[in-house]
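Letters are used for the chains, namely A, B, C and D, taken in the order the chains are written, and counting of residues starts over at 1 for each.
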Amino acid sequence: MLYDIFIDPFVQMYDMPDFFLQVLWEGFVAGILYALIALGFVLIFKASGVFNFAQGIMVVFAGLTLVGLNENGVPAYLALALTIGAMGILAYGVERVVMRPLVNQPDIILLMATIGLTYFLIGFGEFVFGGEPKQMITEELGLPTGSTAIEFGDRGLVILQHIDIAAAVIAVLMVAALGIFFNKTRIGRALRAVADDHQAALSVGISLNQIWAIVWFAAGLVALATGIMWGARSDVSFALEIVAFKALPVLILGGFTSIPGAIVGGLIIGFGEKIGELYWGGLVGGGIESWLAYIIALIFLLFRPQGLFGERIIERV
Amino acid sequence: MKSITQLALGTAVAVGVAFSGLATTAAQAEDSNYVPLLTYRTGPFAASGIHIANGMHDYLKMLNERDGGIGGVKLELEECETGYNAQKGVECYEATKGKGALVYNPYSTGITLQLIPKAGVDKIPVLSMGYGLSAAAVGSVFPWVFNVPDTYWDGASVVIKYIGEQEGGLDNLKGKKIGYIFLDAGYGREPIPLLEQLSEKYGFELMQYPVGVKEMQNQSSQWLNVRRDRPDYMVMWGWGAMNPTAIKEAVKIRFPMDKFIGVWWSAGDDDAAAGGDGAKGYKAMNFSGVGSDFPALDDIKKHVVDAGLSSTDAETIGGTLYNRGVLNSVIIAEGIRTAQELTGKKVITGEDMRMGLEALNLDEARLKELGLSGFAHPMKVTCDDHAGSHPVFIQEWDGSQWRQASGWIEPMTDVVRPLLEAAAAEYAEKNAPWPARTEPCPN
Amino acid sequence: MNAFATEMSAEPASVAEAVPREELLRVDNVSLSFGGVKAITDISFDILKGEIRAIIGPNGAGKTSMLNVINGFYHPQQGTITWQGKERRKMKPYEAASQGIARTFQNVALFKGMTTLDNIMSGRSLKMHRNFFWQLIWRGPAEREEIEHRKKVEEIIDFLEIQAIRKTPVGRLPYGLQKRVELGRALAMEPDLLLLDEPMAGMNLEEKEDMSRFIIDVNQEFGTTIALIEHDMGVVMDLSDRVVVLDYGKKIADGPPEDVQANQNVIDAYLGVSH
Amino acid sequence: MFYREAGQFKTSYKADQALMPILQDRVGLLVILAIAFVVIPVFANDFFLTSIMIPFLVFSLAAIGLNVLTGFCGQLSLGTGAFMGVGAYAAYKLTTIFPDANVIVMVLLSGVFSAAIGAIFGLPSLRIKGLYLAVTTLAAQFFLEWCFIRIGWLYNYNASGAIEIPHREAFGLVVSGAEATPIVRYFIVLCITAGIAFLMANVLRGRIGRSWMMIRDMDIAAELMGIRPLQTKLLAFAVSSYICGVAGAMMVFFWLNAAEPSSYSIALSFQILFMVILGGLGSLGGAFMGAAFIWILPVFLKFIPGTIGIDVAAETVEHVTFMIVGALIIFFLIVEPHGFARLWQIAKQKLRVWPFPY
């Protein structure tokens, strides 16, 4: 028993290095996608202090809109543009209908409102596009679909899916673009001001409503990218929504307001989950992926309640 | 403590709202046979559920349009959305059973399990066509449940038999590794006892890869495990979004597709298409017709789909799952017809329906009459055997459509039947006091 | 009960001088820092039974941190605290409470969702013992206990003259009343030592007078020892028996109000002479 | 005009501390109890009992359970579904191990197991607060769900992986299994729910209820007043989980008859959370109102179109239901974030001064 827990997995890693590399790669790709979802959360949390539960459904919704438009004869790139437009409308609508009237409410109320939004978007998405999973229009969008096998002589091979590589590249570009946006543009600076202090930002003439609409739109774009990538790996369907829960442990590790934190947290969870599942999961019957991320986050929390990048909290009275 | 004082009037509001719910029970129509259809066109299983729902609905609707129903009495159809959720399924059941429901088709093993004990009490049979509780085939224990034409155990035995054929005989299975990837729910777990039994008997190693409902779309770990374990064959019991994802993943790890065999529920056209070119060679069991080249399907197109009476996309007629839905409705319709003949009544009850299903005899001649010659293997239900263990065939995906890839293969009845009986006895014992069969046998 | 509220007061200082008092609490060489930032450096002072002890100092002098150390909310890195003759280093806040230390807060820390009555009843928590099962049944012991403590609480409500707001959720009360309820809540604990953190911050003159009266009454009638932080020098000089002055986390003066007032260090600190 | 406490003087603290100091409220409660115990059983049909009243009562109880934790003690939990599941599986195991014992006792006993599990998962609450705590409870949710799937012993190794409730008799009546009549089930569920609601009302008005609210409103101050935070929070976790566990056991024993692990999924946790939030955090009556709203509205929406003769596809109704529920949640949060309970209070206030506006 002890051997199975402490020695055998490492022996396996050594014996089948190609397989271990493959596991790491899968963990990396999963981590990238978790990080992308977490990124959407971070954007909104930073600017408005709202934990946007609807980020998961926004991923599905963006993907569905894209595929649904294409199914109805809209060319892929036009559909992409229209989807971006739809995310803009959604952002404006959310700001107008949900965020603005609920300003200054306690966190839990805002959280509940985004859960309400989730329900609404599930119903709306299914109503418009139907409830069945759809194929992502990977080829139409010019994304690669093939795979490359890297061989290690007789020691086996590692298979890299091109779409996964593309996902990694897009994630990097996305983070870079957001970084530039935050640091170099006027809106980005305003956004950081809002993140620091709502009142102070208001007092220097920054429109909170505008900022919120912009972050929701940015989160919508991140959701679209996530939806395309995840959709290309499996399907675009409402079952994807469950993946959004994984963002929570990612955020715990990375901190709710840190973009690099989201990336690092996502990767830790991605690697941890895959390695845990493949080398230790078998000991307890498999499927531990469904909760391992939360337990990792939990153990982490017990030792560092403020997260990986958070500052130590000093309680005051 | 203000909150406590609210308890009273809070409940009042609740009860008030609740009471208005009384109005929701509708009266039963006098001169029609009421068939509720528990379907799911939403949720993670919708991809499969929609085609089934369309097929079931369209065939019965066609009978209404073309023949004015069955035996001159129209069918009253009502769909109730379950979302593959057992709780909602029960809710649908409770809401519709009072309207004179003749039979229930839960299309979910979970819902089926919940309805099995209720069936005998409410006197409404459950028709779980090729799914649900395998042991329910034992008619002496489960008079109210029908799983014609086959149980999952029959199916599992056919897969093993087919693999044996590929390997040149069941004896050659010794030392082989067969992987079993399944939806980790009642449905996917159902065949395991039989597979274990066969593994012992033929000496192959059974490796299990459960896929949780939540992980259906994220199976990379399961398939990495497959890659590590290198099984010689893979068998799949998948449904809904699990199927296309699994096929994609199998393509990804370059698993030889001709050694990958799905149950009849993993045989959807969309499922296989998701794998692209790489999915060529994927196999699945089937017991309902392939393609749309049947007069009855032409009638559906003419009377129902083209007439705008259905939400079916004309292109999907003839798809595996659509045809499966049609077959399900054929059994319902034939059950009603048989019941009408047996009782001499036009408007029948659930109890009559039970007799009708038990006396079901869908032979070649009758299939031809229905315009469905070759659509299914002739099937017959007896009081003792509610499944019948009918033969099934293997179909293969050629990259754009399914092709029949084998003849009709008989299940290993000799292995399956004793297990079914033992399981039925065990069920009755676990659920003691399970009522002894009192229903007379119509045959 | 109202008897003692009506009877008001001679010079408190004279009372202090009258009887030699035993030590209730002593702080020795206490230092506290947060990740390198020193909040309190090597502070020692004592509080005698029955006195009103004031802690003053400019903003950021470490006054509130000092109170937090006394009632166990912060744990000092160095130094000891002697409470009723027993030396301690670390103590949980609820242990401090059970040993008779109560306090109020700089920013009102009432239980916002509860009524005035419940807030003050919450001060009785430590004195109520009926367990969960008696509470479930309610009739009998739990109810009797509740009524018994309700009587005590009603006395405090009478004393603080807040009968009219008994059933009002405290969140809806004006600031001055909230402070009064908070005092009531601390009094309900029947503490040996009452720590008051700026009891009069943000009050108008009239409210300050009321509050001063309550503090003196509590001290004289209940014999409760009080340590208070206050910015209003007038109030401090009137109320307190002895004053300790902190600046930048260090003690710069300690003694009767008049002495402290004349101390050059104190004057410098308040005028902001650079160090 | 009719709802006014003028003239009702309380001459003792005892009377003032009664559950319902105002006469009209007491009368109202009696009327409701009369409806629940007499009118509904006499007039309701099976559908109404099985699909509306029994689930409504089960969910009300679960909402009370979550309300103890989230509404009264301020600890956000997303694991309600799993704690209900623990109760269900525990009751199932108990009744299969002791087939002759009274199944109602087993159901009540099952809560003890979920209380223990709940307390274990409550342990991190000492260090973790708010959304962070939500992760702990999510961990509980997914871990326990996994246990329900993977630990065959829990469901007696049924091939189906589901727990199927056996036939049991008590007091000479069939109380569980398919033969149990809706009316019997209804009475059991009603008695348990009403009983627990009453007991909780007692706890919440006393010392323990106050200590929970102290932690909720200001944990630091509570601690400085002598409340031991860990014990208090753990007690809240345990009591809450006990109630949820009993509700979960009732759900399968007296309503569904069989349950798969997916019956106790995260979706259920959210459903209960909606009930609590919409009903009003920290209000027992609100739990009932929230449960009525969240449970009955979709049932309503589902069957209304058919009843009034509009032919709408079943899935469309489902989609629209989702949209409406989602929109209503947002709507109510905007209109009254403190839920129906507060709306009710406001209505009472208006009633009190009626016919004058103030």
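Convention: a residue touches a chain if its C-beta (ideal position, glycine included) is under 8 Å from a C-beta of that chain, and two chains touch if they have at least 3 such contacts.
These figures come from a predicted structure and were not determined experimentally.
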Next on the checklist: Can you check which chain pair, A-B or B-D, has more C-beta pairs in contact?
Outcome noted: B-D
Item to check | From chain C, the most remote chain by mean C-alpha position | outcome: B
Checklist entry - Based on Cα centres, what is the most central chain? => result D
Checklist outcome for this item: Whole-angstrom distance, CA centroid of chain B to CA centroid of chain D, is 35
Checklist entry - When the centre of a chain is set as the mean of its C-alpha atoms, what distance in Å lies between chain A and chain C? => result 49
Checklist entry - What is the distance in Å between the mean C-alpha positions of chain A and chain D? => result 33
Checklist outcome for this item: Residues of chain C that touch at least two other chains are 73, 105, 109, 118
Item to check | Residues within chain D bordering two or more other chains | outcome: 146, 149, 205, 220-221, 224, 282, 315, 318-319
Next on the checklist: For chain A, give me the residues that contact two or more of the other chains.
Outcome noted: 126, 131, 242, 285, 287, 290, 315, 317
Next on the checklist: Quick check on the complex: what are the chain C residues that touch chain D?
Outcome noted: 71, 73, 92-94, 96-98, 102-103, 105, 109-114, 118, 121-126, 128, 130, 132, 135-138, 142-143, 145-147, 150-151, 154, 185, 189
Checklist entry - Touching chain B in the complex: which residues of chain A? => result 16, 19, 22-23, 26, 30, 126, 130-133, 135, 145, 147, 149, 159, 161, 233-235, 237-240, 242-243, 273-274, 277-278, 281-282, 285-287, 289-290
Checklist entry - For the complex, which residues does chain B have touching chain A? => result 41-44, 46-47, 49-50, 184, 209-210, 212, 214-222, 224-225, 227-228, 240-241, 244-245, 248, 252-254, 270, 273-274, 276
Checklist entry - Which positions of chain D touch chain B when the two form their complex? => result 19-22, 25-26, 28-29, 31-32, 35-36, 40, 43-48, 50-53, 56, 60, 96, 146, 149, 156, 158-162, 164, 166-167, 177-179, 197, 201, 204-205, 255-263, 279-280, 282-289, 291-293, 296, 299-300, 302-304, 306-307, 313-315, 317-319, 340-341, 344-345, 348
Next on the checklist: Applying the document's contact rule, which stretches of chain D touch chain C when the two form their complex?
Outcome noted: 12-14, 17, 199, 202-203, 205-211, 213-214, 216-218, 220-229, 235, 239, 282
